[in-house]
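Got some structures for you, see below.
Each of the next two complexes has chain A plus one other chain: chain B in the first, chain C in the second.
Right after this comes the complex of A and B.
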């Protein structure tokens, strides 16, 4: 049997190219050898983040490994070789991702769901700032809703609120944004400002 | 005591005289010899460089010719690939050492980049295939022979690259400083026949190993050496071992 990269049978945009390791049965087992386990974790994390970026997925839950039918199925399961990731394994991968700051537990104080950082909050901050600059919305007050659901779709469309708030925090810390209380809750004002 | 030169002042002169003529004669003789050698060497060099320039392309591109050439060189005691110090001139003319070192670097490249998934043991055929791909040449241009020769040139680096003969023509290249014991070599050979998968039972039925021996060999490879992976979802045995270097990987 040759192990080769597989393109996902795609209903969403274009197919995603799964690495050949995804066709190797042991990839779906937690490895007792710490070195091997570290390498497998690296590969899982890379795979999860590239897949999340490909499909713009922002969260991953241990539950996704429990029941079939989640948007993560084609990564967490491989029907061709009849393997799937068990929840305990996924849970330890999530922990590794949080430790490497490639994800955070969201909401806090639990360990079964994470917010994925396929872009770090700092990177999202830059995306947000350049978007506001390009669309001429500097110095005006923007609600979070106007950012996550703009009339013209942007790369910030559908970004989860907790992640957006983290990005805004990065900007306020560097003096490029200000949080303002508005009628419906909170809004922000972005400034040109240097870094 | 009777002296050859007799006694007296004149003897000194006579002795000096004869010493001088001996010295002259000897230097004349050795000069003639050196001249002779030099002309022979020039001739040899011309012939060699002629051969090298005429056949350089053939040596580099034709694996069969290259093999014959290497054999010829070793039979006359010339190593065309010796480092810059000895035989550097020969290598320079052919551009052969560069070729070989380059191949060596690419071998290291492939071995190191695949180590993560094969634990530092790669099947010779796959190594040749991947190196050929790296060089962008078709199959058959780089031979096992070339790879083995290059690995030999890597030896002074002490990186522990070694070719392991598995019997029946199968060869593996090991790029980690680990001794592969006899049992592990057998496990590797059996796994190869199974596309990488191995369970105790295979070793028991095919090799007549007692279960403990099979278990110990596999667990050592798993826990101690990181040479194999565990699959806890195996349909028939529940638990199977996979040896990455025996699995066929298509990039």
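Right after this comes the complex of A and C.
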């Protein structure tokens, strides 16, 4: 299979470097050979996760392959070779990601949208804990909104609530956080922890 | 999975603080919403004006003004809430400082109870007495020695000293050659003497 490996920096104000395989037409269609398909899936997963990290995207929907104009266009479409991702193909990639614990279906019990784990909940837990330590917010009561929408932008800005809750759960399991519930909602308190 | 083994209890204060913070978040979200509406109303007014519908533009602007008023009001409320929250948090810090001071005070009192001035004075007196006693014993022991014995001790000490000094400075003198005082003179004879000798050696070993 002679691919045309031209590395293409995508111009669009993001400056993300697309891998050369993104310019290969077969990359966009499901391959009959399972080995090839597995390898392509591998590449797609890496591409999706690095792109998501680059642009801080947290979710990917099958719909993104259908409707143009989403933030995923650069990756799911390649106008220069006139190829784009087919929804069924994307859906199978999403399934592969969920199987590898690189994403979860969010909300659960459907298969058309995932929450991307370019950081695992355990890693987010560490990010959350070190943010609280660095900003001196250990032992104070924090609301989720305060974390996802802090007055000073942090690495946790705009983190989706389900992901944040998973990270908090990781921390409570190691005794580094406590969830406080009141009628109005929930809050958490972080501790230095014995770790 | 014991989720909260060592976590401190959630007190009513904690709940109150959380409640306040949640209220504050709600206000912030509300402000965000109003800001969006404000921007939209202006767009509407603009488009109405472009279409020549001046009265409708005015209505949109009036709505906008009203929303602006709301925004200002919520700003005031937000300020109040935030002040309250920070006051409470600061008071909690003060409480913990007070607690620390109290504990320190208790410990200090405890230590002082064990160490009142009378006992210290008594202790010092006893120490003084003990020292005197020790000196007396020393005196008595020293007086037991006769003058002869004392002399013997002194001579032994001198001998020991002499021995120590003798070891440190050995008596034997080493004769070292004295350094030349005149600058060295290069004699050419040396060369001359050297070369014939080597020559003669070579001749001396015939094949």
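One rule holds in what follows: the second predicted complex is superposed on the first by the 177 of 195 C-alpha atoms of A that agree within 3 Å, B and C clash if a C-alpha of one lies under 4 Å from a C-alpha of the other, contacts with A are read in each partner's own complex, and residues count from 1 in each chain.
Please note the rule applied: a contact is a pair of C-beta atoms (placed from the backbone, for glycine too) under 8 Å apart; a residue touches a chain by one contact, two chains touch by 3 or more.
Just so you know, these numbers come straight off a predicted model, no measurement behind them.
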| item | value |
| --- | --- |
| Contacts of A:184 with chain B and chain C, given as first, second, both or neither | second |
| First (chain B), second (chain C), both or neither touched by A:145 | second |
| Touched partner set for A:122, first chain B, second chain C, both or neither | neither |
| Partner chain in contact with A:71 - chain B first, chain C second, else both or neither | neither |
| Partner chain in contact with A:26 - chain B first, chain C second, else both or neither | first |
| Which superposed partner A:36 touches (first chain B, second chain C, both, neither) | first |
| Which of chain B and chain C A:82 touches, first, second, both or neither | first |
| Complex contacts: residues of chain C adjacent to chain A | 1, 3-8, 10, 14-15, 17-19, 21-23, 25, 28-29, 89 |
| Footprint of chain C on chain A - complex, ascending | 140-143, 145-146, 149, 172-173, 175, 178, 180, 182, 184-185, 187, 189, 191, 194 |
| Chain B - residues contacting chain A, complex | 116-117, 195-197, 222-223, 226, 229-235, 240, 242, 244, 247-251 |
| Chain B contact footprint on chain A (complex, rising order) | 1-5, 20-21, 24-33, 35-36, 39, 82-84 |
